[in-house]
């Protein structure tokens, strides 16, 4: 019963298979491998973007920080939600990679609103050389709280950015989970709305550790290459990154896995709802925040369930006190595990 | 016939096997996996250093740059050979990770001499606040030209550093190749001589992409962890790094592979010597620089051999002109490939 | 009628006189001038801190950014008020000088409360290696809105910082204005409360461009020297910085000037109150925020008064609409200018 | 007898006079002062560059580091002489301001040769993404050893840079000394040859602490403004920088002072030559390196002469041993002081 994160699960068997297959003989290093050509073409096709620049890195933080560094000068500021991964969970990597840019937190929850974004941007307009200059807008889809922006939401945010000439970055660590939720095309969720650069996640959805960074305008592609190398994120044995991403894209593994993760989460949410849990954020992708009594949490912990108690303390005197769990499902969670988890909560 | 680099070869089968084995169920992310415990204990045992701090990263540049950033302030300078990887092949990663420290090139070839090092350090003593302050000494073992420092060489360099209170970093991207050449223990080649931090290479010797960074004094271990995360080099699915390094250490795979790489190179060197080639650097580990006539190079290229023409141009009118090849053997090169290469040169 | 800032006024005549006097013959550069010895001794005496390290720089931003860089690692975060100069008015200089540290904005107004500070610090405790580590607390005294923390306020904030082992920086660009308001000693407002490093302002209070950075524990003094040089803030002709600061400290010029600035502001506030203006922030030092009708603003602008309309637009159709002015008095503003300004407002 | 540096002398009386004059009433801060308009127009006229962007900073290191940061990406390298101030005397400020760019030292002495520069640039061409990319060429005129490049020398260097599309920076801390030596126009020594950005020195030639940074193509002017502010080098009371530079340019104070400094140095060199001294570098501007016996040095030191013994130790047993002095003349050195210095050497 592992619901701590979608980064705790195994690698998809088709990925392991292609890694094994790719492990034949010698290959040119540093991205000159044949599988990278396949990856590039597949991603361009998936995104209907035949000119897009495609790069692979091994961590989501690298994807975000390098993408932002390419879009943002050190005297600028990045607009993002207060709970954005780039702000909360990257130990200042964006500040490091951009050479000291700032992050401006747009007031609100996990989903920025166009009005709040517009106000935050307007506020940074008034101080000339004294304040940081306005830089990229970074949108997380799906969000850090498991939410999914609608296409209208995204389009409205991008319009605000574009009205000020600001580039738009999408942190898509859970891109696939959002995409299958919305049922739209990758192009519709990105460049057709105004997204300039995308961190296209794979690690949380069945890879060992690969994310693509996609620039829909390839003009800064070479700069990205240099920043990736300077950041020590260029792999010599690059074929093993390529193989992961190629397997991910072949046979729609990425979509199938995301559908399964979302379905797992929906099953969990349904079960917990029936068991009386209350949801802080409505379930939209593969992550939920559910409140239920402390005694149920204690029961789960005794049974070895892994997840984060997000609000409240497991230890405490009031067995009825509601504690909030963050529960994340990856593609590999089984229905048995979900049902067992639910039944432990349902015991009251 | 792939002699372009030791980063073009396949992953060792025992590594692939443990990756597959590790791919069962869920594991705690970010280094809290059980295999990391094994790696830490094995490396401490191998180095006879029960307190050493052990961290894994995925690229050699990350290992070097993060190790140096931990040892070096931004107003200092790192002493290294002019051909050091950290100077020539990391696109300013050390400057980036240290926050703008300088690299002082110690005049000479691929092996620094104690006298040249002492003179370079002395030269940085005279300018007070105006010049950079003296920082770590970084030694590459084996060197970028395939050379191996003797233990006496290393000890003398470390003594110079220590006389000025400077920390010593060893870039051990080819640590194993040097070690088996010298036939000493890992401790003898590192902390017993005064090495403070080691980039312990794995990628060039059969891994997919893992290097360990070892601090023999663990005091800065937490700082390293933060710098690694900030540099986007902390893997969520860390177990796959751990598995590679664990397989590398089990059954002496790392030593066996290095011995084989060195033996391959010796066989190649012997053959080329018989074929009349001349060596720029004497063969000591798994890399040689050999000069032979242009027509032999052209013959090799037609046959699909992969390697770098280090000096001279493949195209040219004088078929007898000697061009220098850089030839690197990894563990996976076969005797057949070597012999075929030699025979193509030997045709005159 | 110049109330736009306290950086628009002339240099105090005693400062000009000492600059002229210091301009005799040659002097050793880079801080080895005799006047710097005087400055060091005077500041140590003023602060009852015989061991304190004293350094001069030419801008307030340099003082803050270099002080913070000395106190803060790049993987940490600085706690400050949302309106802090270091956040709003330094174009990412703290991020630049610290190598990419973050600024955590403590919710609230210009004065941080101990509770809000404690909550902000607590919030940064929970994410291990993922979030930035907790770094210095930076307190602005007097604040960016003209407020003055009481000694109790300051002590309570410092206690929160110290409870977490965090260093305390005070941005004292208007240190003298706060000090004379409180009527305490410099020691009481700084190290006796727990302040570790102080940006001791001079520029806004009659100097041409000099601020002192004082570390009450001199252990990091040499690091500061190196960071100052690296930041290009070490003056070769340092005697002209020393002369300014020496003149400032001689004959209590700094205190007399601050008293005069505060008195000017009080006179202005009294006059505006009588004229019906309303104050957003109660006048405490030399800066006020006063709301009065648009037509009075228009009258002032026609008369050439210089100040910022902080809220609202000068142009507009409703002459009665209240607009907020930010009004800052330096030591050189005359009673005539103040009275003329007030009379223009009082005309209704 | 102060020959330690040209940064030890007093401020020119016409500069002091204009500072006093500028100290009337209030002025708009941050460069919006009227004297800055005068400075801008005067420099554009002096350089026959009506579109040039002109900025003032207070230190030569700031001028160089900010100019280079504007011209150079963090993944590039700056080409300069091994003795360049930016390499030897700025404590890594260029590395800091550029965000971690490298400096490539062009082999040779204080004057780069076009061949050596071309070879150094060619060498950085071969490593693709692995090495740093080629960035600006920085030329020091006059050099750190008192040399002056001819216009032909400069043109040849610039041609090499331009052949590779690289921008050219001139470190003109002693620009005026070189200019009056060559007897050419400022335009001829800069943009007509291909110089893109100039650090136009004032501090060593009679100012308190002001240098101009001039971009002949103003496209990056706003970026420079932001980098200057972020580097904490924007002065609030900017009028005092403007006043210095305005006085410097009025009445050709800058040229007259430089001529006097050079004439002082020539008189010193002539006297020393007659006294038997030998010159390491031929005197060309206002700095010489002269070797004469230890006993003469000891005599000078007893008499209070200030200068650096560049090679050799003042203390020693052989009174005849030749030690090399670095001797720098500023505009304020008197003939009496020079003659007294010479006579002390001439005593044998």
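Brief remarks on what is shown
Should a chain be cited, it is by its letter among A, B, C and D, assigned in written order, with residues numbered from 1 in that chain.
In the analysis below, a residue touches a chain if its C-beta (ideal position, glycine included) is under 8 Å from a C-beta of that chain, and two chains touch if they have at least 3 such contacts.
Note that the structure is a prediction, hence the values are computed from the model and not measured.
Following the contact convention of this document, A, D is the list of chains adjacent to both chain B and chain C.
The most distant chain from chain B is C, comparing centres defined as mean Cα coordinates. One inter-chain figure worth recording: chain C and chain D are separated by 34 Å, centre to centre, where each centre is the mean of the chain's CA atoms. Measuring from the averaged C-alpha position of chain B to that of chain D gives a distance of 42 Å. In terms of their C-alpha centroids, the spacing between chain A and chain D amounts to 51 Å. For chain A, the set of residues touching two or more other chains reads 74-75, 90-92, 96, 99-100, 129-130, 133, 226, 229-230, 234. Contact topology of the protein chains: fully connected, every pair of chains touching.
Against chain A, the residues of chain B that register as touching in their complex are 2, 4-5, 7-11, 16, 19-20, 23-29, 57-62, 65-66, 90-93, 96-97, 203-204, 208-209, 226, 229-237, 240, 306, 332.
Listed in rising order, the residues of chain B touching chain C in the complex are 30, 73-75, 99-100, 129-130, 133, 223, 225-227, 229-230, 234. Residue ranges of chain A in contact with chain C, taken from their complex: 74-77, 88-92, 95-96, 98-103, 105, 127, 129-133.
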